[in-house]
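Both complexes below contain chain A, partnered by chain B and then by chain C.
== the complex of A and B ==
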C-alpha cells in the first residue's frame, strides 16, 4: 500500500493513498464535523460542513470528498474554515424548523450538535422555512420535512441497501425536497416500513412513529396488567442509548429497567423465538416429507413480509405460515396467559420492545388478533423509544443491578438469542431440525457458514442421508436476488432465512442511531457471545417450551398452534 | 408519440432518459410529463419511479406541470439583469396578462426564468423552444409574440 505524507494543522501524518482528509484528521485526533457523510455510503459532499483549507487551493475543500495527497498542507481550524462552517450551518438553520425543545431528536441531533460545537446560537439569516405537513400516514415512520437538511443519506439507504428507492430528491436548488415519487404519502407507496432511513437520518426528518405516551397511560391504569416482551437484538444495543459500547450485553439491566418503569411482568420474546423454531421446524419437515412448496421462507421479519406481499406476492406460498415471535408472544399473552392469571384478554396490555419500526405495522394488522377485537400486541416501542422512556423516568440504566425475566415466558435458549443476527433463525432451526430428524446429538452447535455480514450465505446439512441445502439473505436488495432465483426455478434450497435489515435485527430500523457495519458487527459479536454463555442452546431443549406444549398447545402445528401461532399473508401489490 | 417510441429511438439505458423525455414531452399537448408518463418511463427503463420523477423535476427543460404551447424562458443571469431583463419580464407579463411562472389563459405561452443562455453579447435575451431572441426591446417582444400567435394558427 502506498503511503502519502501530509501535514494537518502542522502535524505530520502518513496515511494510505486514497484516504480522505476526514479520516486522516480523525487519526490525528481531529473530528471534522459532517452531516451527509456516512462511512458505508457513497461520498455525497453536499452538506459542506466538513470544509477545510488546503494550501494551494483557492477554495475550501470538502474533507469527506478530498483524498490526502503527497505534501498536502491541510488546516482544519483556521478562522476562514470556522466562518465558512458557521455560515453553512446558519444557512441550514435558516430553512429548518428551529423549535429544538419540541423536537423528537432533541439532544440526539447531528445538526444541533454541530451548531452547538461551532457556537452558532442563532442564524443571522431570516428563516425562510415554509411549514409543510408532517407525513404520519405510515403506522411505523413519520416524515417531517421541516427538519430535513437534504443530506441524502435516507435516499442512498433505501436505494442501495434495500433496493427500493422509495425516497428521492424532488425539485431543484432551494426548492428541493426529499419525498416519495409525486410527493405521495409514505403510507400510500410500497414502503416496507423497515426504518433504515430513520437510522441514518442525522436530524428528525425521519423518525419512528412515537408511541411512548400510550405505554405510560397503560402503566398508570390500575385495571391493566401491563406485560412487556424484549426482542433478542435489544439486549445488545440498548446500552448504546446510555453511553455503553456497542455490543455490550445488558440483558439483566434491561429487565431491571423495565421493572423500574412499572411494567407488571417482564417477559422475553426469546421464549417465542424458541417456539417459532419448534413450529417452523415442524412446518419445514412437513413440507419436505409431504411435497409441500419449497423452498420455505422464514416469516419473522415484518419488513421482509411487507416486501414479499408488495413486490413478490406470487411467491407467498413459499412463506412459512408461522407468525413472528413478537406476534406469537402477543397471541399467547392474550390467549393463554390472561386465562392462566384469571384475567380477560382486554385486561392485558401487551407491549413489545423491538429493534424494528416495521413491527409497529405488524402489530396493527387485522390478522394479528386472537378475537378480532383486541390486538395481540398493543404497542410496539423501538429500542430508541425505550431509551427515551427510561430517560423520561430518570432511570439510571448503568447503575441498575441485573434481574431475571418473569415466568412463564422468561426462560429461553441460545438458539433464540441468535434470532437477532442474520443467519440466526437458520442456525437455530438447523440445531433443532437436525436433532429431531436424526435423533443424534450435534457435535458442534455453531453453523458458522450462515454467520456474518455477507449478503447471501449458503450451507448444507446431512439429515439421515438427505442433503438439505439452505440459504440466508439480509437486506432487501439481497432478498430480491433470492426471489428472482426462486422465480427462475434455480433455487435448490429447502429453507431460506430472509431478514429485511442489513445484519438482521441487530441492524434494525428501530435500533440506536448509526446504521454502520462497524456497529452491526459489534452487536452481532455480542449476540453470539450471549448464545455461547447460555446453559441451553437448542430450542427443543427449552423446558418451558416443553411445558407449554404439555399443558396447552399439545403438539406442534396442532389446532391451538394453528389458531394462535400461525397466520396467512396476502397480496398487497401497489 | 408514445413513451415506448421515444425510448426505442433514444435507448433504454438511464443515460438516455433525459433525451427521451425531452423528445416525448415536445409531442405532448401541454408540454409536460404526466404522472402516468413518468411511471411508464420508470417501468420501461427499469428505473425507480422516484428517480425518474426526480430527474423530471430537476431540469428546467422538463416539467411535471401543464405548460403552454410555447415556453418563453427569460435569462435570469447577471449580464441580462444589468441590461434590464426586469423590463423584459414586465413587458411580457403585461402583454401576456400573466405572471412569471404561469401560463396564459389560452394555453399558448408559459413564462419562465432560465439560467444563462450563453449569449451575453445580446443581453437581455430569452428563448422560445430552440429559437433565441436577443437585444430585446418592447417592439421586438411584441413582434416575437405576434409571430408565435400566427404560427399557432398554421
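== the complex of A and C ==
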C-alpha cells in the first residue's frame, strides 16, 4: 500500500493513498463536521459542511470527497473554514423547521449537534421555509420535508442497498425535494416500509410513525392487561439509546425497564421464534417429502413480505405460510393466553418492541386478527421509541437490576436469539431439522457458513443421505438477485432465508440511528455471544414449546396452528 | 483605431461564404484537408502540435487543450469518449451557435482529429435544447460526413473507426457544467458532482472522456493546417490564437466578432461595436456572461488576454462582452443575474441552493432601501461562502458580479443602507 505524507493543521500525517481528508483528520484526533457523508455510502459532497482549506486550491475542498495527496497542506480550522461552515449551517437552518424542542429527533439530530458545536444559535438569514404537508400515509414511516436538508442519504440507502429507489430528488434549486416519484405519498407507492431511510437520515425528515402515546394510554387503562414482547435484536441494541457500546447484551435490563414502565407481563418474541422454527421446519419437511413448491422462502421479515408481494407476487407460492414470530405471539396472546388467564381477547393490549418499522405495517394487516376485529398486536414500538418512552418515564436504564421474562412466553433458546442476525433463522432451522430428520445429535451447532455480512450465503447439509442446499440473503438488492435466480430455474436450494434489512433485524429500520456496517457487526457479534451463553440452543428442546404443543396446539401444522400461526400472503403489485 | 488591426478571421473565415448545408462547399475551401493530414500523423504528434499551438479551452476555464488530450490518451480504461460541449447556456454568449450554424463541418473535423489523436471511437455533441436549428445543421452535416467516409468505419481508409451522436439538452443551464452534462447523457437528471476525479480519467460512464467547447474543437483543423508553432504566433504570450467575442448590450453594432488575443476591450466596444448609442457613457461592462465579473469603463483598456485578466482577478469566460450604459440600475441588474442562477441551480449543494435564495432576499433589502449595515456584511460573507464552498462552477461563479460591484461600485450598496440604522451604527 502506497502511503502519502501530508500536513493537517501543521501536524505531519502519513496515510494510505486514497484516504480522504475526513478520515486522515480523524486519525489525528480532528473530527470534521459532516452531514451527507455516511461511511457505507458513496460520497455525495453536497452538504458542504466538511469543507477545509488546502494550500494551492482556489476554493475550499470537501474533506469527504478529497483524497490526501503527497505534500498536501490542509487546514481544518481557519477563520475562512469556520466562517464557511457556519454560513452553510445557517443556510440550512434558514430553510428548516427550527422548532427543535418539538422535534422528534431533538437531541438526536446531526444538524442540531453541528450547529451547537459551531456556535450557531440562530441563523442570520431570513427563514424561507415553505411549510409542506407531513406525509403520514404510511403506517410505518413519516416524512417531514420541513426538516429535510437534502443530503441524499435516504436516496442512496433505498436505491443502492434496497434496490428500490422509492425516494429521489425532485425539482431543482430551491424547489428541490426528496420524494417518491411524481410527488406521490409514501403510502401510495411500492415502498416496503423497511425504514432504512430513517436509520440514515441525519435529521427528522424521515422517522418512524410514533405510537408511544397509545401505549401510555393502555398502560394507564385499568381494564387492560398490557403485555409486551421483545424481538431478538432489541436486546443487543437498546443499550445504545443509553450510551452503552453497540453490542452490549442487556436482556435482563430490558425486561426490568419494561416492568418499570408498567407493562403487566413482559414476554419474549424469542419464544415464538422457537415456535416458528417448529412450524416452519415441519412445513419445509412437508414440502420436501410431498413434492411441495421449493425452494421455500422464510416469512419472518415484514419488509421482505412487502417486497415479494409488491415486486415478485408470481413467487408467492414459495413463501412459507408461517406468520412472523411477532404475529404468532400476537395470535397466542389474544387466543391462548387470554383464555388461560380468563380474559376476553379485547381486554388484552398487546405491544411489541421491534427493531423494525415494517412491523407496524404488518400489525395492521387485515389477516393479522384472530377475531377479525381487533389486531393481534395492538401497537408496535421501535427500539428507538422504547428509548424515548424510557426517557419520558425517567427510567435509568443502566442502573436497573436484571430481571427475567414472565411465563409462559418467556423461555426461549439460543436458536431464537439468532433470528436477530442474517442467517439466524436458517441456522436455527438447520439445528432442528437436522435432528428431527436424522434422529442424531448435532456435533457442532454453529453453521458458520450462513453467518456474517456477505450479501448472499450458501450452505449444504446432509439429511440422511439427501444433500439439502440452502441460501441466505439480506437487504432487498440481494433478495432481488435470489428472486431472479428462482425465476430462471437455477436456484437449486430447498430453503432460503431472506431478511429485508442489511445484517438482518440487528440492522433493522427501527434500530438506533447510524446504520453502519461497523455497528451491525458489533450487534451481530453480540447475538452469537448471547446464543452461546444460553443453556438450550435448539428450538425443539424448548420445554415451554413442548408444553404449548401438549396443552394447546397438539401438533405442528395442526388445525390450531393453521388457524393461529399460519396465514396467506397476496399479490399487492402496484 | 484601425479596426482591421485586431481582426483575424480564422474560425469565421468561411462564414457567409459557403453554404453551411453543403459539404462540397466546405471541402472546396480546404475542408477535411486537415483531417487527411492528421490521419497521416501519429496521435502523439497531433497532440504535440496542439500543445505547441498553446491552445487553451474556450469554454471559460482555459485549460491547455493538448494537456487534456494527453491525459485522456494516457488514462487507463476503455472505451473512451469525446464530447463537444455545445450547451451554450451562459447569458450573453452565442458564438457556438454561430459556429454550428455557419460552418458545422469545421467543428466535426476538429472532433474527428482529436478522437483520432486520443484513440477514441465514440463522440457526442451535447447541444442545448434551445438550439434546434444548430442541432439540425449539425445532424445534417454529420450525415454528409458519414456518406463521404469522414465518419464511420475505417475513415478515409486510415483504419480508424469513429462516429458522433448528437444529444440535445432540455434547457437546463447547469448541464453546461461538465459533470452535469455527463450524467445527462447517462440518462440521469443534470446535477453537478465533486471533482477530482476529472472527466479525463473518470467521465462518461466513469470512462476517460475528453470534453471541449465548440470553439476549442473548431481551432483544431487550423492548428493542424498551419502547424502548432505557426498558430502560436497569433495572439499574446499567454493567449494564443483568436477569440470569438459575443458583443451585446448598449453598443451600436452588437454581434459576433473574431479578434486576435490582446485586443483591448475598448477597441472591441468602440472599434468593432461602434461605441455606445447616442454617445452615452458606459456604466459597467460584464465580461464572459452572467457569471462573469463587471468592470468600470476606466478598465476597458485591458487587453483580452488570460494573463492580464488574471493579474486583475478577472476573466473573460467564454468571450461575452456585455456593455451597460449610464442609464442602468446596477442593483436591478444584479437581481436579474442572481435570479437567473437561482432559477438554474441544480439544488444539490447547500451554498448554491440556499445561498442564491438568500442573496435575492438581501439584494431586495438594498433595492427597497430597508437594508442595514449588517446586511452588507452578511451579503459579503454569504457570497464568499458561495464562491468558496459550492460544489461546482455555477454556485462558485454566480456571485461574481456582486463581488465586483462591491469592489468597483461600493457606493451602489452603501448609498442604499437605511439612513437611521447607519446613524445608529
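One rule holds in what follows: the second predicted complex is superposed on the first by the 574 of 574 C-alpha atoms of A that agree within 3 Å, B and C clash if a C-alpha of one lies under 4 Å from a C-alpha of the other, contacts with A are read in each partner's own complex, and residues count from 1 in each chain.
Assume a contact is a pair of C-beta atoms (placed from the backbone, for glycine too) under 8 Å apart; a residue touches a chain by one contact, two chains touch by 3 or more.
None of the values given here were measured: they were computed from a predicted structure.
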Clash or fit (per the criteria above) of chain B with chain C on chain A: clash
Touching partner for A:219 - first (chain B), second (chain C), both, neither: neither
Which superposed partner A:150 touches (first chain B, second chain C, both, neither): second
Chain A residues touched by each partner, larger count belonging to chain B or chain C: C
Partner chain in contact with A:171 - chain B first, chain C second, else both or neither: both
Which of chain B and chain C A:476 touches, first, second, both or neither: neither
Touching partner for A:305 - first (chain B), second (chain C), both, neither: neither
Chain B versus chain C as contact partner of A:159, first or second or both or neither: first
Chain A residues contacted in one complex by chain B, in the other by chain C: 169, 171-172
Residues of chain C touching chain A in the complex: 172, 174, 189, 191, 193-194, 196, 342-351, 353-358, 361, 378, 381-382, 384-385, 387-391, 396
Partner chain A, residues of chain B touching it in the complex: 35, 38, 48-54, 57-60
Contact footprint of chain C on chain A as seen in their complex: 43, 45-49, 51, 59-60, 62, 65-67, 80, 83-84, 87-88, 91-92, 94-95, 124-126, 128, 149-150, 169, 171-176
In the complex, chain A residues that touch chain B: 159, 164-172, 180-182
